[in-house]
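The structures considered in this document are given below.
Two complexes are shown next, each including subunit A; its partner changes from subunit B in the first to subunit C in the second.
This part shows the complex of A and B:
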């Protein structure tokens, strides 16, 4: 934890690695730091170099996205006062995050111990009643800001996050009404939104005139409720959002693609469950790893879309 | 002058080609090994096709390519249709077997299942990351047992008590196989066990959760192995049809797709004598360092691909 009760610093810079939860919280984090007068420094888009650098330091058995994350952390070493690595354990009962997010802060500190880089974190842990707001309060106060200042910055950042999220939801509405082939993409935002891993998928689908709908771009509260239709016992927050998104959107699309970064623990359970439960709609299980060239992915995507179009008599 | 259509299927192990007429009648066909040289194999294939082809009465007006080297070979032969092998196999098989419900396909490095309803492919699955239970596995095990891969069927047929071989993973299957041999199991029984393992692996991985209905058509290189065919019939409890042209189904599908497609471009056998070469270049304009493939006819660049963005575009 951040125990250095520094005097409130001037011109502080905080590095934000553009991997994993960045894709979920980018608006919140950026707005919060800016609200406190801190300058965020970004690691830049994922590239092959970022992945290779990350794979070089991260434990072999972790998922592709975790390796990419470490590459982003490495790219920020020495470029900022602190690197920001949150710990998000759980939001409450049946609302867990992957263990990766519980360990991330400790892991980064240990992996980059020799660099002398300072890290910054916040800790959300529903099991101990620590909410997101409490976590941010502790983070801000540890940097020397007053409780009032931090509360204000958090409230403003939260508002901006919610506004951005509403816009994202609104932007998807017309896509659901579009004609032609519509495919629901179900995967973690850090896979689908990653410029190196996920973007080639959405780019390729666009090139063959497919409208891609995102299962995670959904009213989250409603999705959590709806998710029990597919699994009443799934305990992972993000997986439950995806399950709910699938339950809500499945009737409006021609097929579903489950995109997973190898070897993802929650996906290994949840996608297996979905393969067994979703019988009445074409389903593609797409597993991405560091080795897979674009060709294998394109073959799978193209043939999946062809089958859907053959079925509709539109090929 | 009647119209004809050329279909070429360039796989990792073998290269297949057909020329058909408007009624899908095969005018010319050939099957050779790729031997790691898709361009050379395609040229040899074309010269074999040319020998059987009646140039006086027929003219090739459209060309389709499929298989893992479809793009490269499609560029060289000036294809009017470049399609993935799943679609090509589905179209080829349903043309010759309109009543088919399930297509099983095991090739050198891929395995697939295609489910058909009313002559139209409605669902499919493909092996994900692992090549367990494909032709490559059978070849390596035959080698270990000191027999030719073509002899597997003959050996398996003699077995009365096939040995149980762990089928989950190639690595475990191989160590289990060695163990069983050392324990004194007869070779015939172990070979029959390997065939059963391939089938069990296929049904548990690719065929998982799919309802396999009769009639079943089995194709791909492994379908030529009678031991695996017998193991499939036993596991599925129904007849498994292997077409004498089963190995050509991808090429046939490509030719049929070329016929159905809009593109028309007369094909000239002169490409056999044209010098093609391929150069791989690292783009180097960003940290992705995309591997760009440049295809030259003589000194002229005819096509290039592999770039993730405009920076790597070659003109």
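This part shows the complex of A and C:
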């Protein structure tokens, strides 16, 4: 990170890659940068090309979502002053992120070193007491803004994020009460919300009259508490939210689909545990990779839904 | 090994404890278990074989990292050998979740056992680890425990130091096998050690042996630095005896990553991060700082090559590869990246190592 304490930047542009944590924090990030008078530049929706470009730069063995992310980063190279890549280690005890999020910022700097592109980060590390607010404060101040300005921008952005989150929660409530076939989708937001990877799944489910409930759209604090019922030593924040979501919603749905991007580290283990523990509800373990064709996924979804409807006597 | 059965009171259960095979460290675990507690008998799991890997892989999820499969296989073999209590450690990466999933898998297979999962005791407060010790032995003799811990630490330090010496000299043995025999005697002595004197004696003997055995070592042999993922880089079975293979080609093999350096004395080298500020700003993973620093140190030292060892799907080690690639380019040091899974074959590895050896050897001659 380049320090520019001497003067306030004018007309600064920051590139935001639309992958990984973007799907969790899009409102917060956009509002924060706009609040500081910084213009966010977006990489655009994921496409086949983004994935291929990303797979070309990223190490072969990384997960599908990381490859997509690198495609987004590549698309922003040279289009902005900084590309924003957050580093999140842990939010607190047993609230870790996958280790990939610790490495992401430095990985980008190394992968794109030859382009001369500058990167910007914020660092959340609960083990050292660095909260999200402190991370944002450091980020804003490193760009030359005063502490007061950054605090104000963060507070406003946080407010907007919370409002958007409440709306999202509210929008799911009627779905839970709806009739017909209801299926709980459990997956990272960067998989399910990705227009190239996850959206075809929700679209297809809608086309066959299935109500899709999202496990991650849940009261997060409650979900963290509930998660220990299914897995007492799970330490990944997002996985725990999903576990909690499953624990809270399982009685209100007809089946669960675990959606995972190949080869997701936490999912490889947590989903294995879930398939061993959730014996009383239909469960589909769907792993998506760069080769997943739409037809193959649709066939599996369709047969899963058929089984559920057959079981309910609705077919 | 002599277990002081007379000290176990009527009605108190003897714990037949086991920990999966991990390089040669099981001798230290056995020593600690049997000397630190009065009610534990350590069940040594059989040495790792293809069978261990196969049974482990059969019950493991597909794309979990390979050590999970190997360790699970080793736990099953420990149960078959009579263990009734299993211990699984805690860790910063997926290792921290090994315990819970392994327990679930083993219970689903119908095994009955007591499981001590250290992840359950992790509260970020060091004193909570005492609860584990109390659970194993409620009537713990504290002075005895402390002494056993001290001796165990000495054993691990000696083991790491001697192992490091061994791979640096065994490729230049002029006697056709004396170095190897001395090292094996040392290991056997550690596995059967019953006192602090046994440990120190074995250490002194092997150090003497290494000094007196005639070597045929050039002034400037080929030097290769090995780094990588915590389990695979240390466990000779899991890396298909990588270090021995290189040593047999006549290479001086260096490896920093071991228990002594990374667990027991890591604090002493705490300031590694500033030394790699040019390469990375933050910690990238549990062993990343040490590995990046070591790669750089080897390069600056003028070593002839680097080998990065990891198991398939090891996220932290995958993520430092771009950094290592840049170090390799900046310092012009050839780097071989090896990914191990349960399918990796000995012959395939040998071909790659021979090609790597030929390349660094030719390069060295051309540059000198």
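The rule is simple: the second predicted complex is superposed on the first by the 309 of 315 C-alpha atoms of A that agree within 3 Å, B and C clash if a C-alpha of one lies under 4 Å from a C-alpha of the other, contacts with A are read in each partner's own complex, and residues count from 1 in each chain.
Keep this in mind: contacts are C-beta pairs under 8 Å (C-beta built on N, C-alpha and C of every residue); 3 or more make two chains touch, one makes a residue touch a chain.
Just so we're clear, the structure is a prediction, and the values are computed from it rather than from any experiment.
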| item | value |
| --- | --- |
| Combined model on subunit A where subunit B meets subunit C, clash or fit | fit |
| First, second, both or neither for A:311, with subunit B first and subunit C second | first |
| First, second, both or neither for A:50, with subunit B first and subunit C second | first |
| First (subunit B), second (subunit C), both or neither touched by A:136 | neither |
| Greater subunit A contact set [subunit C / subunit B] | C |
| Contacts of A:249 with subunit B and subunit C, given as first, second, both or neither | neither |
| Partner chain(s) touched by A:262 [first = subunit B, second = subunit C, both, neither] | both |
| Which superposed partner A:200 touches (first subunit B, second subunit C, both, neither) | first |
| Touched partner set for A:303, first subunit B, second subunit C, both or neither | first |
| Superposed model, angle subtended at subunit A by subunit C and subunit B (C-alpha, nearest 10 degrees) | 80 |
| First, second, both or neither for A:276, with subunit B first and subunit C second | both |
| Least C-alpha distance (whole Å) that remains between subunit C and subunit B when both complexes are overlaid | 5 |
| Common interface residues of subunit A - those touching subunit B in one complex and subunit C in the other | 262, 276 |
| Sites on subunit C touched by subunit A in the complex | 61-65, 68, 92-94, 96-97, 99-101, 104-105, 108, 117, 119-120, 122-124, 279-286, 288, 312-313, 315-316, 318-323, 325-326, 339 |
| Residue ranges of subunit B touching subunit A (in the complex, touch as defined) | 68, 83-87, 90-91, 114, 120-126, 128-129, 208-209, 286-289, 306, 308 |
| Partner subunit C, residues of subunit A touching it in the complex | 1, 59, 61-62, 87, 89, 93-94, 98-100, 102-107, 109-111, 113, 121, 123, 127, 231-235, 262-263, 265-266, 268-273, 276-277 |
| Residues of subunit A defined as touching subunit B within the complex | 47-50, 196, 200, 262, 275-276, 279, 282, 285, 287, 289, 292, 294-295, 298-300, 302-304, 306-307, 310-311, 313, 315 |
